[in-house]
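The structures come next, written out as structure tokens.
Both of the next two complexes hold chain A, though its partner changes from chain B to chain C.
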Partner chain A sequence: MQDANISKLNFEACQKCSLCNEVCPMMAANPLYPGPKKAGPDQERYRLKDPEFYDYALKYCLGCKRCEVACPSGVQVADLIQKARLEYAPASKHPLRDAMLANTDFVGTLASPFAPIVNEVLPLKPVKAVLDGAFGIDAHRTFPKYSAEKFTTWFARHAKKAQEGFDSHVSYFHGCYANYNYPQLAKDFVKVMNAAGYGVHLLEKERCCGVALVANGFEKQARRQAKVNIASMGKAVSKGEPVLTTSSSCTLMMGREYGEVLGLPTEGYRDSLSLACKWLYEKIESGEVKLKFRKDFRMKLSYHTACHMQRLGWQNYTIELLRMIPGVQLTVLDQNCCGISGTFGFKKEYYPYSQKVGSVLFEDIRTSNPQAVVTECETCKWQIEMSTGIPVLNPISVLAAAVE
Partner chain B sequence: MRYDAVVIGGGRSGCAEALRRASDGQKVCLVAAGLTLHSLEPELKGKPYSELHNLTKAGIAVLRGDIVEEVLWGATASDPVRAVKTANGITLEAAEYVLATGRFFSRGLVADMEGVREPVFGADVDFPEDRSKWFDPDFFAPQPFESFGVKTDKAGRILKGGKPVENVFAVGKILGGKHDAGR
Partner chain C sequence: MAGESSKPTKNREYDVIIVGGGITGACTARDCALRGLRTLLIEREDLCDGASGRNHGLLHSGARYAVSDPEGARECIKENLILKKIASNCVERTGGLFISLPEDGLEWQANFVQKCHEAGIPAKILDPEKVKREIPVVNQAIIGAVSVPDASVDPFRLTDANALDAIRHGADVLKFAEVEDFVKDGGRVVGVKVRSKDGLAEYRGSQTVLSAGIWAAGLAEKAGVHISMLPSRGALLVFGHRVADVVINRCRKPANADIIVPDDAVSVLGTTSDKVPFDQCDDMRVTPAEVELLLKEGVQLVPCLAQTRILRAYAGVRPLVSEGGDGRSVSRGIVLLDHEQRDGVPGLITITGGKLTTARLMAEMTTDLLCSKLGIKARCRTADVALPGSEKPVRKATGEYYSLAAKGRHGSEGRKMDFTGTGAELVCECEQVTRAEIVYCIKEFGVRNLQDLRRHCRIGMGTCQGNHCVRRAAEILAEELGCPELARQFVDDYLQERWKGMTPVLWGDTLREAEFMRNRYGRKDYEI
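Right, the complex of A and B next:
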């Protein structure tokens, strides 16, 4: 009986304890942001009454989901805010920029063939000034480099055949970043999986998971791409293969947000979708997989729990996996947001907030003084590398360097 | 993941129990529905609670924003618990489990039309059948429902169907018979 009176995102359960406000990184950096409690459950009551009550300041929400982790009552605070933005937010002042930032597949396909030129041109001062002035992309921001050879091209040419030599297989969702910008990560994934005794299949069709599309308000397109991914993942799962990823944000998007925010069915693949580190740890623990590590491997690392990784709650798998590598000296950093929040930190009007939010983490990283920071999130990587100058690695790349 | 002990509940009792076990050298995992105590009650940041800041420093694996959704029992219902599964899809195996989920406000106990139940392990709960005895109409009087809680044996193990579950203990407010009104 009571179930019928409770909304899907559970905002009635809010006890007004304000724990979400306590952990909100944007609220601490920006007095214009009303905080997750007000922006989420409080204002939802008003919005349901009249969309006029939509608060423009919701645009400051990073979507880090720390409020959801903090909530003891299970209110989906960040989903409430995200859904309100999709439904009521006024049109962007920079529609072209937002579309360029959000359409990672389109821009990646366009940029890859011209990667050497794009990589040279983008960091030039006059180009940055134009992007800043005309597009609203902050001139301080460093763009990730594009790769001349996409991962999928490399895989088809050099790795695909060898994968059929394995008895068991995993399916890999590489994501846009590993495909267009940093194929080394995907190559490392193939290396680690092969070392573990598994062959790698790619999904039949893969589109960008759509996390940036949703954040920028392109709901329809996000739903279109999600349907393609859902169908492909469902096919892989029906073959008995787990779907593994190397990016925490893609995993959260596909495993959770497809259902919660976009309202699509996720049952077909949800339980088989996992981050590579979680899957590996579970296989090692059950004794099905043994990884042999190099004896001469030495590295001082600091682990940064990306916000979406914390929402997934799987950071302990990565931490324990890294601790298995002899020669790794690991510091686990306090859980602070880096501030970039995907495309948010690229935008001129948000850049100062982005850096202010991240300042606590940057200081922590400098104090721990590692050879490299380890995190699953690619946008954290851009932000940390740009702001501290310390290289950032995906844990899979660390494993790839450490296995024999 | 395997631990010596899994503590369910990140309040005062859960944090204290996790820290005690960690200082005894046990490998401990703490499951907290929201944040853990030290972040929850800023006024406790001074002594003598300062050690609560250091859950992770004490080597405790803290799962924030996660709850136990499923219990994997042994072959028969009275057998010890083999593992618990959380909402985030994490399977935790341990030699001992500690229930520290508190009372009604934190949903350690749930009251509905059927009665009062403990939702994680389904432990026996101590409460009168007669609903009128649950409360005192005098708002300021000590309320009987505040002393509801799970039944345990002398070693602190929870009872289920009248029999103790070998490896599940209860601590804190969820224990029956305690009364802290007027505290």
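Right, the complex of A and C next:
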């Protein structure tokens, strides 16, 4: 008699089973957080009645999306919360700080040429104290290091030409982190792709995916940047190239949230956007790609499924890919949130919750005692390295080290 | 309201006994009490058990009647403005739209706007393109739109507020007591015989007013008076959330299912209109044919209704009177019958017909008549004095999320709720009902079960229809009433009632919810 329910982000499908609450790490750590069921579908009905029903406690949501993974009714719980924050959240008490943390590429542009200085200065006590007081960035935080030579600069100088020697190509969305903080990851990506027989193209124009902008409420800017990426990815796809990434959050943002949260068209590239590990696994499975690994490679690793990785549901591709490397001894950690959630854990007021959420994971890591933790998420890397002292690698870097 | 003070005192002599605690009876009790009459209001169930709790919740601007019933339209706009003032807490100023679809043409619109203006209704023709942009859910085929000051009104809240004020001005309210017959002295009605769980009792009053809705006809027969009533049944559908923030009507000759009203967190679509025999007035089940008709017409207003979750269906019976000019009926809508004049039965008056919107006016007319009979000179003040809960705007404090919904529902009465300790605990998540609000309602309104409780605080009226909260609510109610053994019964009875409304719309998400409920509570051994 009626067609299927099409309510916004499917909130009406909620059956009040509370499974989402069971898995929410913030609800477990923080009594002030109402939990995904209330914050999402329940309060949404009242927010529609009157924006006054926006609950300030929604600011605690980590955006980890574990609730969404758990929901048996297909309610996009975390997207609902994210959308509500964009629509109704009151102005931040730390606008400058939020802008600084949200604009990962802008800050990156500024910091890169001064990387040695920034890296020297940031960890120093007095500077941190200033950040703590003036910006509300927690003094306990270790900052991601900024690199002196951006990846894109290196690529243009040392790698671009050689890529034209390949018959087939992939397009690479490197993200801010690989460009500014850790170009080695992007270099590793190029190495692995070349080893697989593919040349690497960069996108015509790349902007930060905007995941941090959305989380911090800068919707307009996020939308502007998204449009640039959508156009560039569309162009790459129309040339017949897949768009590959190395960061799970960028991928989730561009693959799902451009459409679901920002309401932008994603058909032009969505199905061709993939994490490098998933793409590689599929190519190897189908026999199109063969990777040769070093015989002498030995490494004890623990794999951490980043929240957004779990939301994508692609962790098994990476895990299987890592298992193909002879000499890798792999422990797959239980799925637990590290607590940092992008820029959330950098904010002074949330630092304690962030650490509390992550404590289970840190304990697991220490118990498994690996040489390195492997994960696709760069913010997890900062959090885990800071909290456990154990180095964290992107799986692509592991592959790069293992290939001949 | 169950508060001991409101219970009738033995042997108290009343000036007026009002039979029927719908909106008309409650408004009449308030008016009488404000004018100093010794007043008793008697209701066989809880307040709002009749048409007053089973309508559309539309505070008419009068526009719907502007063409067919100018007198009714004028009454509506006047009352609309009064209620916005005295019952601000029960009314949401949503505004209303009358949309024209291509098949409706625009001739009706021109005449309609003219007639609205003649009745004093500020109707304004809008640019349909602008309406389409600003209200994207509205049928994008519209060729015309007119704005009018329609609003959404909560009939439960409005009835409660009137009854509360009556009590505060000395009236007694007797609920769960059915008037079975009249006490007569010669030809004169001098009181009523009432059956309740305590047995049979008599109450005496100089005047008796029948405000028993469609049931007035049957009662009047017992006093030897015939009122020719036509029960007109209307069915409605409740959708899970607000699809639009305004009332949307169709700009054509009033017909089936052509109004959608935003009521609290839901949208209500209605209504049908069918003459039914008297013996079917108590059968409120909605038929598949009614659901189909409602949906078919409803999607013409707002197409996305075809994909919106339907929570339940319900129906009510309008008390229409078929006689027009006799007695003191002043309009086709409102019917005030002075049975002394009309039938030679002194001491008895009937007030019926009309609308939720015009109930205050009906009460004023009735009380004017009562006063003239009792020889009392007192001016009507109900249009000027704000109702309880609406006396002053509520202060909205951030960081007190838990009390927001309750304050929205009860206005300034919310200050009587105790949100400390477990008070802030959320019991009904869909409708954001806290323990504090529940305890307040149990105390203030004297409820017997969860069906009564929901009328006063919306518990269990949301998406899950009580699936989630019914157990916790039952526990609290049983505890407050001091009868823990009843908790189980409360749950069973409540779900039975909810299922009645869900059965006609059992598909999609509501079917899943019903299955979930059945699994949870269908087994006899579930834990309470």
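Definition applied: the second predicted complex is superposed on the first by the 398 of 404 C-alpha atoms of A that agree within 3 Å, B and C clash if a C-alpha of one lies under 4 Å from a C-alpha of the other, contacts with A are read in each partner's own complex, and residues count from 1 in each chain.
Here, a contact is a pair of C-beta atoms (placed from the backbone, for glycine too) under 8 Å apart; a residue touches a chain by one contact, two chains touch by 3 or more.
Given the structure is predicted, the values throughout are model-derived calculations rather than measurements.
Asks: Under the superposition described at the top, does placing chain B and chain C together on chain A give a clash or a fit?
Replies: Partners fit side by side after overlay.
Asks: Looking at the overlay, what does A:Lys49 touch: chain B (first), chain C (second), both, or neither?
Replies: Second partner only, chain C.
Asks: What is the angle, as a multiple of 10 degrees, that the CA centres of chain B and chain C span when seen from the CA centre of chain A?
Replies: After superposition on chain A, the angle is 60 degrees.
Asks: Quick one: chain B or chain C, who's touching more of chain A?
Replies: Comparing chain B with chain C, the partner touching more chain A residues is C.
Asks: Can A:Met193 be said to touch chain B (first), chain C (second), both, or neither?
Replies: In the superposition, A:Met193 contacts neither chain B nor chain C.
Asks: For A:Lys16 in the superposed arrangement: first (chain B), second (chain C), both or neither?
Replies: It touches chain C, and chain B stays clear.
Asks: Does chain B (first) or chain C (second) touch A:Gly313, or do both, or does neither?
Replies: first
Asks: For the superposed arrangement, tell me the lowest C-alpha distance between chain B and chain C in Å.
Replies: 5
Asks: Would you mind listing the overlap between the chain B footprint and the chain C footprint on chain A?
Replies: 73
Asks: Could you please specify the touching residues of chain A with respect to chain B in the complex?
Replies: 19, 22-23, 68-74, 271, 281, 285, 310-314, 316-317, 320, 332
Asks: Over in the complex, which chain C residues touch chain A? Could you list them?
Replies: Against chain A, chain C makes touches at 240-242, 262, 264-266, 291-292, 295, 304, 306-310, 396, 398-399, 401, 404-405, 408, 426, 429-430, 432, 462-464, 467-468, 507-509, 512-513, 516.
Asks: If we count contacts the way the header does, which residues on chain A are in touch with chain C in the complex?
Replies: Residue positions touching the partner: 1-7, 11-17, 34, 37-38, 41-46, 48-50, 52-53, 55-57, 73.
Asks: Touching residues of chain B toward chain A in the complex: what are they?
Replies: Checking each residue of chain B against chain A gives 1-2, 33-35, 39-40, 56, 61, 63-67, 86, 88-90, 106.
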